[in-house]
Structure formats: structure tokens, C-alpha cells
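Here come two complexes built around chain A, the first alongside chain B, the second alongside chain C.
And then the complex of A and B:
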């Protein structure tokens, strides 16, 4: 009896806890890989049986379809169609994110308004929109609003003789001139305006006087834009109804309008809730301190509350941006030619499904990862440095 | 205190365990990849051997059909005129009748058919996997399908083509009136490419919009978002006849800008079965050329002296050595043509029964001696 504790009992391996843990982990990993391998070998077998391509050669085949609102020709390769689809996805995402952020912030602030009407309208908007499935919203926007509520081209609505609104699209006035050049000028103007604003802010900080730095920035921007507009001889062109369509100006495709409107409305309802929550999360003392030094209502919001609220909201809003980008794929249901629609059509026209959709998946993954990198960068910049 | 010790050590232990697990998993995965490649090669070789064996052993579908006593025919259940279900749950239509033609030829019984409804995307898979014996489902014969879908296409039953439908009050009377028009089509078909091609050929700058479903095209068309609706003429005819505002609101333009021969298809590499199906279809055309219908086939068979018709119907042909029945060794019963015409009808009868009511003209689908391109090789 006395010798028992001194010699440790030999535990059989099937009762050894460490061995069992190991065995289960390895078994789980093996099971996952076996499943993946089984699926992959099935795929390989089925593919080789039916003589279907597995590589990306199909990208060089002629696309055999056209893209509305685009110079894309059906004899161009599938590769170019994917590029156009990608650009359209980026276009909707970019504009959608900007508009949804603005609208979402306004509605979020409105929900906290002291005015009963504004507050209630904000609440109704948020609760109505965010509780709807997005696909339904897009379908309704396309079938109900664009197709039925917008006038036919014969009796198109022409407000101020500047716009042409019909169920074949919305045409807006647009400038005439090389597009790349203007984009560069705008970019340069934004950078210069930003620098000017920064300099004014620094001066104001030094002198201690109040300075409307943002006004200087906007004025600089406008000055550069107007002067280069005159120098390069750009001009505006207003759209006109011409038989079955419109000429001149920029035509926004009806499906693009339906998709963009739905995405902005839907995402803004989520952003509004995030903004509202973030404003409420800012320490109450901050607002009281702003009141104590006699800042006006808008100053309090603009200078004290919102900067701190956005710090809190940033990660959550970044998630909404990712959602919006991925949700653009629903445009395929109303035949907007974004990436998913291009993939579906090219597969319908004989491109192999698995490589085509794998490529599409990877492109979405790339866009999303880059977006979250950007959001994380700003998040790190904005985050409180705690000591 | 002693109970705290393991929990303190726990995370450290677990992490090392995780590292080892991940490492071993990676190793396994790499090994798996290598094996996968090898096995794929083996699989391909195996398969090649199997295919060869099948061809050599030549177990024809014709034999398995005769053994089973019924033909499994791939079809659909919702295309007016070609194949729809009637109130009694039976398949009715042009394609369905050609399924019956094949059964009448091979088995002598037009009702010995098992109709298998297929989705458009599944039709070739069903043929390749042997779920059906023959595909008669409104399918266009193209080189790519012939080559990469393991299908052999036979005598077309219907020569279709892509056309354009517009609103009657649109002022459009031909394709050349449609400059800058918006043309709506179904997504994922050859229709998109054909429309784009025709637009650039005529220099008309069409905007081709494609939709998931016919319902969505209909909505867009009704709302005036589309100027033209393009599809196969036979389909446009059906859609026009069921247009909510009445068929008179729509016009199908005369121009046809693609070739869409709709043909039955069988699996590659089975010549006996392919020939049997092919001659069953050809017999309906030949019967019309002879003027033999389901109503007069019996009287013609008993009274005619035309040697060609007697051979065709499998009747005894008087010759120098007495009477003989022509057996061209197609592995079909010698009276297969008689059974087809008697039980189903000739090509013209089938067309008149299902497609004429839709408002479709014979057009290209007339006999060769009547301005069409239906031409059966001589039966002798």
C-alpha cells in the first residue's frame, strides 16, 4: 500500500487526457481535409468527364454581349467585360458609400433632435427601412418606382430644362471635355484646398482668433475649378429628349439608379443607428462643458460631439461600408452590369462556371480586404491613444 | 490552489497543441495535394479505358430501351406549343409528340414513353449521366454543344430563328427603324450575343438589356422601358398570344437574324441508337411528302401500288422473286414508319396540331418541294 503513490500508475493511452485531446484535434483536422479532398476530387472527376475547362483561358474568348451605357463591344474578350463589371461595382460602391454616410449621419442626428416632428420622422425612417430585406427593396425600387412611377420617355419629366427623368434613366447636365483631365484638376484642387485649410487652422491656433478655415478651403477649391474651367474651355451640356432616348448630358441607367437609391437608403438606416448610438456614447460631461463655455448648438455638435462620436462609430461604419460593397452584387437581379451580372452572363454564354465564379469571389475578397485596410488605418489614426 | 494550477498552465499547453495541429494539418494538406494530382491522372486514364470499353462492348441504348419497354425522353412542362402539361397531367405539344414518335418507332407503342421534365441548365447533364435516353427539349444545335456536351444532334424537328417583337403603335416596321432602341432579352442565352451582333451588323446602336426571367421582361416591356423584345420567333409567338393587353398590341417583325435549329440529341458514341432516333424523325417528314396521314395510312397501305410507299410502310413489295419486305437493318421493326404515322401522325399533322394554333407559319419548316428545307433521305 505504501509503495502505490511512489510509482505513478501507468495510464492507458485511451484514458490519457492529453493523448485524447490530441487524437480528437487530429481527427477533426483530418475529417475537414478529407471532406475538402472528397469534394475536390469529385469536382475533378466530373469536370474531366464532361470535358469542361478548369483554367482561365475563357477570359480571352469574345464576350458575345454588350454592356448598356458603355462602349464595350461584343467582340472584346471576356476579360474586358470583367474589367467593366469591376469598374461598375467600384462606381456604385464609391458613390453609395459617400451618399449613405451623409444621409445616415443626418438621420442619426435627426433622431436625437429636440423637435418632435424631426425626431419621429427619423425614427420611422430607420425602423421602416432597416427591417426590410434589401433584395425586396431593390426589386421594389426597380419595378415599382423606376418602371411604374417614373414617366415614359414620351412624356418625360424635364425639370428646369436641365434634367430628363423617365423610366429609361435620368439624364443630368454634364461637362464636355476630356474626362481624365477634369478628374486630375479636381483631385489637385481638393489637395490644394486641404493644404490651404490646414495652414489657416494653424494660423488660427497661433493667433488665437477664430478663423473660418473651411471657408478658405472651399473658396480655394472653387477658384481653382472655375479658373481651369475657363482656361481649358469646358462647357456644360444639357440633355435633350431625342426620340426613344436622350442625347447630351450624362445618362444614369435606370437599373443603376434603382440599385444606388436602394443601397443608400438601406445602408443609411444602419449608419443612422450607429451615429445615434455613438453620439449617445460620448460622455455627457463633454456636452455640458461645451454649454458651459457658451458654444452654440451647431458648434457643440460640430466641434465637440461629432469628432468624438465618429471615433466610436468608425469600426461599425466600416462594417456597413463592407456590407454595401458586397450588396452591390444584388444589382444582378435588376440587370445592372456589375461584377456578378457579368459573371452570370458570361457563364450563361459558355464560360466555365467554377473558374469564372472563383475569379469573381476573389475580386470581391480583394475589394473588401482593401476597404477594411483603409478603414482600419483611419480607425488607428482616430483611436484614443491611451496611456 | 491546486485546482488553479492546471487552468494556469492550460492556455500555454493548448497553444503549443494548436501549433502542432496546424503544422501537421499543413503537412497533411501538402501530402494530400501530391496524392490528389497523382490520383487525378490515374482517374483520367481509368476513365479513358472505360470509355473505350463502352464503345467496343457496344451495349446500345437501343437494346436497353427495348429491354425496359419504354423510352425515357428529356422534355419540359411549361413551353406552350412545344411541351406543356394538360389538365390530365399528360405532356402535350410538338416536342412531346416527337418523344412518342420515337417510342412508336422503336417499341411499336407511342405511349411507351417516360417523360422526364428538365431545367434548361440540367438538360445536358441528364443526357450525359444516362438519366434520359434522348433529349427532345427545344434545344438549339450548335457546334459547342455538339463538341463539349457529349451530345450528338440529329435531324432538326423545328428550324427556329431569333426575331424581334415590338408594340404595334411604336411606328417600327422593320429592324432598320430601331436606331438607338432598347432591346430586352433573357439572360444567359445565345439571344444576347445574337442581338448585339445584329445591332453592330446593321449599325443600329442598340442597348441590349438582359433580364433573369420572362416576367421581368414583360414588366419592363409593359412600362415602356424596352422598345423591342427579342427571342426565338416560336417563343415570341407564344408570348404574344398570352400578352396581358391582347396579342393585337404586339407585332413580330419579319426579319429573323439567327439560325436556331431545334434538334433531338442523344449521347455521343452510340450509332445504333442515334440512327434509330434519326430515322424515326425522318419518317414523319417522308410520310408528309408521300401524303400519308394517320387517317389514311391503313387504306393507302392496303390499296397503293407505289413501290416506294409500300417499302416505307413495311408492306410486302411484289418483285421478281415474289413478295418481300424491305429491312434496311436499322434495328427497327420493318413497319416502324407505319406505327409512327398510325399512332402519332406525319410531320404536318404534328405541326398543325400544336404550332399552327399559336399562329406559327410553316415557313422554313415546310417540305423541300413546298418552299421549306425539310428533306428526308430516300427510304430504300
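And then the complex of A and C:
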């Protein structure tokens, strides 16, 4: 352009595109900062008038409330209450994500079944749940199912003598022993089983025989678990009704059960739709090729269709995981002591609102970011390597 | 029939087993539901509280304004739908009716149910008025095609049909104080106002995130990611206890104002991601063609890429609207807005109904309204998706 004789050598600044672009951006940024400054100055003014803390010192004050199902003492600082709330949030999210994925995948496959009844049942489930507000499900689970339909503790349901179901919660059989140890053993077993599976796959690739890697993996896992179970002397304990409560086993609080059940049901209906769409999106030729080499129906699904479908579904399912984690905040509506409930109560007890809720939001943001990092990592691992 | 059964129900032994299992489960659920609806359900609680569930404490003498607004909205939509279609393949009357029944059957059934629950002459009359409004809209649309009205530009036609509804809605708002609104009306109002307000912000954020200007891009990205990482419920709680710290003392926001603010700011971030997806789906050639014609960047965006992007993501936008519609229930718990779910729980605590275990009845009614609304919208969105052929290309 500059070589053309007709253009002037120097462009005036108001016609200079680079200058204009930067001027525009700086104006936009200034506008945003002006807005933020306005909010901040209002905040300062209101704070100075009402003499409220603005920093995180409130975390050291005594909490003055107890957390049911937890040996949290009310003289402990607010900080510890937040930690307990955080752990509860993580607990519900973790279990919820696993259960919702399993249930959602099953329902998603059921919706594509050749069997009319199974198909209809899946469709009814998905369409019914997906179009209801989550809060309605949670309220229904809490008020309608747990508090009204479940029996009182005196005449609790005891299916198979293993579980105790009553409106004081559900007790399930659980092992006896230190909890951290078992978690470590399970983690180690998973890692070792994974490595064994990988080695089997490599061997099978070399020898050209069928691999059965997952069988070896599961066997290794079971072997490690059973042997360490015996070495450390763990045992199962079934819950028993004991007066106004239950002893033994693991007790799931009514609010935890209501929250977990509704989150799993709600999220699984969304995951089912994603799984269904992804299975339909797998190239038809893949299924036909599997038929052509005479794979059985379940082999075709397991080895050919599902791995490819999950590649397509991964980003959307990751979004559902994030939604589930954020939706655990609704536990506060039925007094399940997760992060939001802790924040709400401590603010009600006199902690300053803005710092407390900002802290809560930042924790959620952190959890979301870490989850999306993990999902993105798997997404990249699964993604098709293209030219 | 027998071949169908053999193929779809009893293909193999496991298949037959599954059929019997899921069939009995399905039958059990349907049986329980029917029994609940027709035998065990005590629906007086809904009948007595029907008005408060639908419109809250809206003043009785002003309800006619709401009725008129609904009629105007129905009329406008019906006229626009009639006038919008250019050519239509010739269908037999039965097919046409069947299609209409499939599309609107659920809404009609719900309307009939509400009229039956209302049980007085006025609600029945209102039902007829709605049908009349639909018919009048169709006729008005047909008139437009045949007469000089067809020379009107598209925007004027839209304006003619939208303006009466909008002005009636504004009159209703100005006549009755917002605190007197409640029930389902509030859910609808919150959802519609928030989606309308978040639109400009969402589109701006989407453009900002795809802009070549780094500062704008960073600002938009930061906003979108911050909001998307936060739970809506916590934001609503925060607005409930902390909003007054950030605005001058002279303004005292009411709960509805707070919830509209949060819903708008929240949905804008999600809408921005949807619109961004739409912008990414537009082939580069479109913008390049614009450049070749010598259009400025602004013109290319607003006349070429953005309209196509917005059209392509209409189904996703409806999905976002549905989830916003369902999320309006959160305003009830977080900010004590008197919305449907809140009303539904409150009526079970009335003196006449306290402690009778009527949670099922009230939640079933609340759930029905939400379910019908969401299901209808998602079906319509699927229809639009097919019409646009978005998934096919």
C-alpha cells in the first residue's frame, strides 16, 4: 500500500487504524474500571458507615453452630466449618458424578434399544426428569420421599438385613478400619491394575492374540484389595436399629440422601441425552463394519461404538459434571451442610457477608477450574489426532 | 402385530426378560400415577389456591389486564405465525388437525385442566376468548397476505402485532405493584425479562471474546469464565445480602429487581458462549465476501456474520431460556420471591391443609406447569432445528 504514490506518507492519528483500535479498547477498559471503581467507592462508603469487617479475620471467630453427622464442635473457628463444608461439597460431587455417569450411560443406551419397552421406559425417564426444575426434585426428594414416604425409625425398612431405611437416613454396610488407609490401598490397587492392563495390551499387540486386558486389570484389583483386606484385618459391619437411631455401618443423612439422589437423577437424564446423541453421531459404517467381522451385539457396543461415542460426548459430559458440582450448592435449601450452607449460616451468625460469599465463590471457581482442567486433559487424550 | 411384538419385544430370552421387567415397572408407575391423580389425590388444596399459585396476590380488580395481555400475546403470535409462512404444501384437514394436536395438544390439555380446576364461568369464558384470539390472529394474518397490508415491510408487521401486547404488559406492570405479583406469573416474568435484557450484553461479550483487540478479549473472557464458574444459587444469595453494599443508599432494590439483575448477568455469560459457537460456525468465506465488497468490519459483523450466527443457534438459545425458566425457582429460596415453587410449599402450611401430607399434590401441580412449559419449548426448538437444518449440514 505504502508504495502507491497517491496515499499520503503519514496518516493522521484519527485515521490511523492501530491508534483508533487502541483508543477504543482503552476507552472500553476505562469504562469497565470506572464502573468497578463506582461499585468499590460505594462499598467503601457503606462499609465505613456501618463499621463492618472487610477482611478474612472472621475465619478465626468461633463458629457457634454444629454440623449434623460430623463431630464438628461449635467452639471451633469458622475456618474449620468452611473446610468441613468444602469436604462435604467434594463428597457429594464425587459420588454424584460417578453415579450419574453410570446411570446416564445406561439410560442413554436403553433409549436406543431395539426393545420397545426398554426404549419407552428410557424416553419417559429422560423427558420427565429433564423438564423439571432441579429445585423441585430436591424439594420432592426431601419433603415427599425422605420425610414422608420413608418410615419412622421404629418400623424402619430393613431390606436383606443389610440396609436400614428410615426418615432418619439410610444406613448401609461399611467396613471397619481407618478410612485413609483403605482409600490409599484402593488408589494403589487402581494404579497397579491399570499398569497391568497396559502391559497386557502391549503383549497382546505383539503376539496378536486377544488381549482380555480388562479381565486382568479387574483380577489384579480384586486380588490386591482382598489380600490387603485380610492383612489389615478389616471387616464389614451391618447397621442395626438401636433405639432412636442406628449403630454400625455408614449412615447417610436424610438431607445428603435427598440431595445426592436428586442430583444423580437430574444429571443422569441430561447425560443420557448426550450419550444417545453421541451414539447416533458415530459413523454408521463403524457399526456395519463390526457386523461384517461378526462381532456380537455387546462386543460391537463395547469395543466399537461406545469408545467413539465417548470421544464425541466428552466435552458435553464435562459440562454436566461442572453443572452437577455447582448444583450441589442447592443442598443449602434442605440444610445439607455443604459450602453454601456453611457460608449462609455463618453470615447469619454475624460474619461479614461480602468476604464470606466472595470466599465461597472463589472456592467454587477453583473446583470448577480444576474439574475443567481434568476434563480437558481427558478430552485431549481421547481426541482424534488429525492431520 | 405379532411380528411387531416378536421383533420389538421378544427377540431373545434376555430380551423377553427385559421386556417383562421394564413393562411391569412402567405399568406400575402408570398405575400409581393414575391412582394418585384420580383416587387418592386430594386436589382441594389446588382448587382453593389456584389463583395464588398462578398470579400470587395480584389485585382482583386488575386481573382483566393480565387476561387482556395474554389475549394480545396469543393474538400477536398467531398472526405472525400465519403471516410468516410463504408457501405451504396442501395437506388434508385431518392431517393438519393432527399436526396441530401434536404441537399444541399438551398446552390445550393444560388449559382445559386449569379451567376445570378454576371451575367458574369466567375461566370457561376466558378459554373461549383465547380460542377466539387465536382465530382472529389467523384471520388477521390471512388478511395481510391478500390485501394492501402485504406491502408493509416485515418490521412494521412485527411491530403491529407485538406492540399491543407489549403496551398491555407495561400497563399491567404500572398498575399493580410488582410485590403483588406472584406464582407462575413471576416465573414467566423473570425468565422473559432476564432473557430480553441479557441479549445485548451476551452478544457484546461474544463479539468481545472473538475480537482481534486483546484488551477487549481478555475482559470478556474473564467475565464469562468467572460467571460460569459460579453457582447461580450463591450469586442469588450474594445479591440478597450484599447488593446494598455496592450501590448508593438512595436505592433500595426489591427482591425481584435483585433476581432480575443476577439472572441477566448470569445468563449473559452463557448466552455469550452460545453466540460464540454460532459465530465460529460461520464459514470464513462469508466475512471475506463482505470484505471484497468493501464493507467495514462493523458492517460485516452486524449485517453478515452475526445474523447468520444468531439464526444457527436459535435451538441452543431456546435451551438456555428453558434452563433459565427452570432456574427462576431459585429466586424463591434465595431471595424469598413469591414464585410458584415457593407458593407451592407455602400453601401446604396453611391452617386448613397443615400436616396432612399434601406435599405430593402441590408439588405435582407445580411440576406439571414447569414440565408443560419446558417440554413445549423443547419440542418447538426441535421443530425449528429441523426447519433450519442446523444439525444436517
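Assume the second predicted complex is superposed on the first by the 354 of 387 C-alpha atoms of A that agree within 3 Å, B and C clash if a C-alpha of one lies under 4 Å from a C-alpha of the other, contacts with A are read in each partner's own complex, and residues count from 1 in each chain.
In the analysis below, a contact is a pair of C-beta atoms (placed from the backbone, for glycine too) under 8 Å apart; a residue touches a chain by one contact, two chains touch by 3 or more.
Worth saying up front: this structure is predicted, and the values here are computed from it rather than measured.
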Worksheet item: With the two structures laid over each other on chain A, which partner does A:65 touch: chain B (first), chain C (second), both, or neither?
Response: first
Discussion item. With both complexes superposed on chain A, which partner does A:37 reach: first (chain B), second (chain C), both or neither?
Written reply: first
Worksheet item: Looking at the overlay, what does A:347 touch: chain B (first), chain C (second), both, or neither?
Response: both
Worksheet item: Who does A:364 touch here: chain B (first), chain C (second), both, or neither?
Response: second
Item to complete: For A:26, decide between first (touching chain B), second (touching chain C), both and neither.
Response: both
Worksheet item: After superposition on the shared chain, which partner residues are touched by A:259: those of chain B (first), chain C (second), both, or neither?
Response: neither
Item to complete: Once the structures are superposed on A, label A:48 by its partner contacts, choosing first (chain B), second (chain C), both or neither.
Response: first
Worksheet item: Who does A:329 touch here: chain B (first), chain C (second), both, or neither?
Response: second
Worksheet item: After superposition on the shared chain, which partner residues are touched by A:128: those of chain B (first), chain C (second), both, or neither?
Response: second
Fill in: Contact residues of chain A, present in both the chain B and the chain C interface
21, 25-26, 29, 143, 148, 333, 344, 347
Fill in: chain C-touching residues of chain A, taken from the complex the two chains share
21, 24-26, 28-29, 32, 39, 42-43, 46-47, 113-118, 120-121, 124, 127-128, 130-136, 139-140, 143-144, 148, 322, 326-330, 332-333, 340, 343-344, 347, 353-354, 357, 360-361, 364-365, 368-369
Item to complete: Can you check the complex and tell me which residues of chain B touch chain A?
Response: 17, 21, 24-25, 28-29, 32, 36, 39-40, 43-44, 47, 125, 128, 144, 148-150, 180-182, 187-190, 192-193, 196-197, 199-200, 206-212, 216, 219-220, 223-225, 227
Item to complete: Over in the complex, which chain C residues touch chain A? Could you list them?
Response: 7-9, 11, 15, 18-19, 22-23, 25-26, 29, 213-216, 219, 226, 228-235, 237-238, 241-242, 244-249, 322, 326-327, 329-330, 332-333, 341, 345, 357, 359-360, 363, 366-367, 370-371, 374-375, 378
Worksheet item: Which positions of chain A touch chain B when the two form their complex?
Response: 21-22, 25-26, 29-30, 33, 37, 40-41, 44-45, 48-52, 64-66, 68-69, 73-74, 143, 147-148, 152-154, 167-168, 242-245, 254-255, 333, 335, 344-345, 347-350
